[in-house]
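To start, I am sharing the structure in question, which I have written as structure tokens.
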Amino acid sequence: MSLNPESNGKEEVRIGFFVCHCGTNIAGMIDVEEVAKYVATLPNVVVSKDYKYMCSDAGQDLIVQDIKEHRLNRIVVAACSPLLHERTFRTATMRGGINPFFCHMVNIREHGSWVHSEKASATEKAKAVARGAIGRVKFHKPLEKRKEPVEPAVMVLGGGIAGIQAALTVANSGKRVYLVERDATIGGHMAYFDKTFPTLDCAACILTPKMSEVGAHPNITLWTYSDVEQITGYVGNYKVRVKHRPRYIIEKDCVGCLDCIDHCVFKNGNTDDEFNQGLSKRKPVYIPFPQAVPKIVAIDPNACDFLAKGKCDQTCIPSCDKNAIDFTQKETFDDIKVGAIIVATGFKTFDAKRKPLYGYGKHQNVYTALEVERLVTSSGPTEGHVVLRDGRTPKSVGIVHCVGSRDHQTNRWCSRVCCMYSLKLAHLIKEHTNAEIYNFYIDMRCPGKGYEEFYERLLEEGNHFIRGRVAEVTDAAQTKDEEGKLVIRVEDTLAGFARRIPVDMVVLATGLEPREDANDVRRMFNISCSTEGFFLERHPKLAPVSTTTDGLFLAGACQGPKDIPDTVAQAGAAAAEAMALMDAGFVEMEPMTSEVDELRCSGCKTCLNMCPYSAIGRDDAKGVAVINPVLCKGCGVCVAACPSGAITQNLFEDQEIFAEIKEILAHA
Amino acid sequence: MNAIQREIRYESDRDPAFADAIRKMPGCEAIDRCIQCATCSGICPVASYMDITPRRIIELTRSGFKDDVLKSNTIWICASCYACQVECPKEIGISDVMMALKTKAIAEGTYPKGMPIPILAQEFHDMVSQTGRVSESKLVQKLYLKTNPFKMFGLRRLGMKLMKTGRMSLKGESMKRPESLQRMLQAARIKK
Amino acid sequence: MPEEFEPRIIAFFCNWCTYTAADLAGVSRMKYAPTTRVVRVMCSGRIDPQFVLSAFAQGADGVLIGGCHPGDCHYIEGNYKMLRRFNLLKRMLSDMGIEKERVRLEWISASEGDRVKKVVNEMTEHIRALGPLKLPEAMAKWDVEFEEEVKEEPAHV
Amino acid sequence: MKYAYFPGCSLKSSGRAFEESMLKLFAHLEIELEELDDWNCCGATAYMSVDETSAAALAARNLALAEKMALPLAVPCAGCYGVLRKSAHLQKDYPAIQKQVKDGLTAIGLSYTGAQEIKHPLQILAQDLGPKAMRSKVKKPLKGLKVACYYGCKLVRPEAPFDNQHDPQTMETLLKGVGARVVDFPMKTACCGGSLTGTIPDVGLELSWAILHDAHRREADVIATACPLCQFNLECYQEDIQEKHPDLKPIPVVYFTQLMGIAMGLSPEDMALHRQVVPLTPILQEKGILDSGAAKKSPPRQEHDA
């Protein structure tokens, strides 16, 4: 492996150099003609020219013709970031008839013209990095992108509306879908709602048909009460181990007749019903809500006396004529192979107790918005009657916006949906109780289709809208008509004075935030998160549903607060991206993997534990290390660790990088 | 009937130097982050007695409407209880801004006529700079002599109670060596 | 005023985090000193200490290494390997008389464009204060001295 | 357990009951307090509103004196507690102010490194000493006495160094430890009026009324405080408040140290109950905590001690 480029294979190195104006983006701050003229003087450079738009068809054709005309065997393009157009120029190089990896890009826009303010030094820097590339490209070798088959199956994590929509879209294209949901049923947060804004469609009417479609769909394997235990592999070939938590019910036998619930030893509920936000109780054997999919009961190990304390008459067992109850069930696992994964794990609402001055958890009549969703819905604990915990119907209700949001002490971001759902709740409460409704807001954010009209409708219904963030909800009454009420202290900024408004009921419009285990999920799937903790998309505009990990897509509020219309649209997009991957049938793997040169390898095993993907094994017969190209992800950590320099990483070989450094620093 | 007057402000009425001066005072750096949400006015125990609410004071200050701010009684009614600063969702040092405005008003003598608090502050400052201690009764006497002597008469009921319970001493309090305090204060003063 | 010394800094940026952050700084039109020349690697763990030595030997005045925050590495733990090598390298460089401030390791995530600007500007100032390293010239001088030494003593047989 | 002690001006005049009861209580609990030699007034908010840098130096002198004694500094008056902490913050966060304070202190041979610990008696009793040590000393548990614990602003704002900012419980824990019953009191950190009560009564008295009114609504027998200014504003103006709020019934306002002392069997005189404008003794007798004849004729009102 001599350093002399000429002897690298027989043919002499002939380089074509193209520097792009990019309109004025580059030419505005870098003298591109000067760079082209300078590079022409460098050894092995046969063609050196500048062009207005290298990434245009005309620009690419320039490369193709010059390769043919001047028998070029190396191409260097100085333009924008390789992360943007490396693929474009490699394709053009291939069309010219030479191996695409003989093309190398130099970033003189994002790292050059856009970030410098002085033409001379920017041009000097452009020349240096161009010179580096010229030095480097001599050592490039022909490489082939490895094609890997894509498993025609998708795993969707999370069974909320995002997961449901993505699963259905993919399943309808004939592909296999594994929908993994942590709770006992799919439906997510949307299942709690009575109506949805702005059209006041009943949430159940638009959600339950989709849920039953998922339940019945031949292509969807639905696993509820399940989590992802472990994931290995890479795009097109993910191996996922799914853990099924014991339901103590034999799923295939249970028909959802619910007799076991009636015969449970507990005559009425003995533990908080999470679905009803704790407003009512449920038994240890339960079904979250009547339209649950799958319509299978589950036994809560903490609430069931037999499971928790080991002694109970177990009156439930004989009541089930399908004898589907099985207390001996243990955790089971399933190992599946999928080509793509869609993460749709959703969000958590802000814990209102973190704003003590609003008195949630202290004053009985302070509710969170989710609790009120359960109060207004007819299938809720109060059959839709909005009543306080002491049975009274409220005559005045205060809805507090931005609870936990737009606040440096809790969540800095606006949660985007609270203004709209507060309007919806105001309408529903008014409809059920005809009470005086007050909404306290900082900015009324109603940007969607039909949103502003919905706000207008609420105004015309005679609800009070007070612009001012509520400072405190207190029961320290100061006048007769404040006794027995919750007093809201606020400055009505539009009217220009402070107000004390006594109400019977306070509703806190809590914002959206990442789930507690977002960090664990993030680390398991190797995706990064933004500063707030939501999962980070590859690019907010150019790739909003994909992540930096190929084959892994995002949908719904796990990527950031959003309402149902945006969530469904994003779920469709994620499904489309996954299907594109599977329809292509194969995926091209970047060739930057590493190889061991057996002659140099001393078998010292330093590299073995370097590899996080255990792609390096040891051939005991020859006493040398061996790298499995399928598992190698091309990070190059082992290359730098090898004491005898026996490992090389394609496209990032030591000699290429040494040459690049040497040329960058070489004087003109 | 309120007199009909035209109320419009021109950019020339703004004094950006005033706004910048306040921004440089300790704790007042973040006033530009304010979204006028009014949590400060809502939580303030005395906002309802102020002619300009704390929220509007922040807006007027950062825009540089110096006269409106320094003529208002807001900064004097503010009792520095820090409730607004603690609750502000944008973590703006609102109490520090009120304190900075007090300092500016006292320094420039631009406070509403008859407002006792700046006079109390000055008297307090002078007494402590001299003796190193505060003698409550002497301070109250000095304040009322400067503001309205007749009201002193109203204090006799309170004075009697304090005398009866031994909580009123007419003796002037002082440090043993106040001159050491004065030397320190002199050395700490900004070298002009 | 003597013509101001423009430091030349070789910046090894990892493809997934710091290189992307530098792109973001570009897209956001942030301005910073034109002193860095970026060499892209797939992971900061790929950076062989010899690259840093070679950069100094060829005339670089400073070397900046950018990687993902611990726990965020696209290849799970490449940055930890870099941290280990970096600590050893830093001690070795100072033993060889190269000031500590001339080589710097920064964790910069894909969304931290402003940190790229801050770090580059800061490092440029530090190195401008230290002045040029001029290792190639020094080496040339040492070669000459070595030649003379050898000439004076007859080779021991 | 030994502390340097910074009384502050109020504790030498209108707030004397706080100093007297605290000194006796701490002695009874074998906590040693050594008053700073020739301390100076902390400046309160008044001095700061005239000149912030000198105010920082003023307070820093006391911190420097305490640092010389190498003892944590006990600061009972909440007002002084807030000002001393603010001076420490200003010096830490603003180098310009730190430099000037340093110049000032060096001119009189003092120095302040920023390490000085500033502690309130509530913190000392609840955290340093701890409830167990006091449980054995309770002689007359305050059975049946319903107390509203009032903290005011400076102990919890701008930050709460030793307790929850919105719902502090230190005083409740201490008083429950000596047998009292505490009422839920959401206005425990509301502003008492501060310097407004003496200067703009129309505003100050309303704030005090709101607190007294809510204490009655919660059926409290007595309000316990930990700051001389709060005690003064809440207790001494009740008659003036009644002019605008005739329905306001008088309610004694005491220092928590007085209640704890009584519970540990210390005499009403030691606990300076004779300093009350609204007497507490009758309520204690009615609850059987003090036997009826106990409170002798109140001792002569010495003008003030040395």
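Order as written gives the chain letters A, B, C and D; numbering starts at 1 within each chain.
As a convention for this text, a residue touches a chain if its C-beta (ideal position, glycine included) is under 8 Å from a C-beta of that chain, and two chains touch if they have at least 3 such contacts.
On a predicted model such as this, the values are computed, not experimentally measured, just so you know.
Going by the contact definition above, tell me which chain pair has the most C-beta pairs touching.
So the pair of chains linked by the most contacts is B-D.
Which chain would you call central, comparing Cα centres to the global Cα centre?
Looking at where each chain's C-alpha mean falls, the closest to the middle is A.
Report back the single chain whose CA centre is most distant from the CA centre of chain D.
C
At what distance in angstrom does the C-alpha mean of chain D lie from that of chain B?
The computed centroid separation for chain B versus chain D comes out at 23 Å.
Between chain A and chain C, tell me the centre distance in angstrom, where each centre is the average of that chain's C-alpha atoms.
Taking the mean C-alpha position of each chain, the two centres sit 35 Å apart.
Could you grab the centroid distance between chain C and chain D? Build each centroid from C-alpha atoms only and quote it in angstrom.
Once rounded, the distance between the two centres reads 59 Å.
Approximately how many whole Å separate the CA-defined centres of chain B and chain C?
Roughly 54 Å, centre to centre.
Residues of chain B that touch two or more other chains: which are they?
none
So which stretches of chain D touch two or more other chains?
Answer for chain D, listing residues that touch two or more other chains: 210.
All pairs of touching chains?
Touch list across chains, by label: A-B, A-C, A-D, B-D.
Across the complex, what residues on chain A touch chain D?
Interface residues on chain A, with respect to chain D: 356-357, 474-478.
Looking at the complex, which residues from chain C come into contact with chain A?
6, 8, 10, 15-16, 19-20, 22-23, 25-27, 29-32, 34, 37-43, 45-51, 54-55, 58-60, 68, 71-72, 74-78, 81, 85, 109-111, 117
Going by the contact rule set out above, which residues of chain A touch chain B in the complex?
Residues 357, 402, 406-409, 442-443, 467-472, 489-491, 493, 496-498 of chain A touch chain B in their complex.
Looking at the complex, which residues from chain B come into contact with chain A?
35-44, 47-48, 53, 55, 87, 89-91
Touching chain C in the complex: which residues of chain A?
Touching chain C: residues 81-83, 107, 109-112, 114-118, 121-122, 124-125, 128-129, 132, 523, 526, 528, 530-531, 536, 548-549, 592, 610, 612-613, 633-637, 639-641, 649, 652, 654, 657-658, 660-662, 664-667 of chain A.
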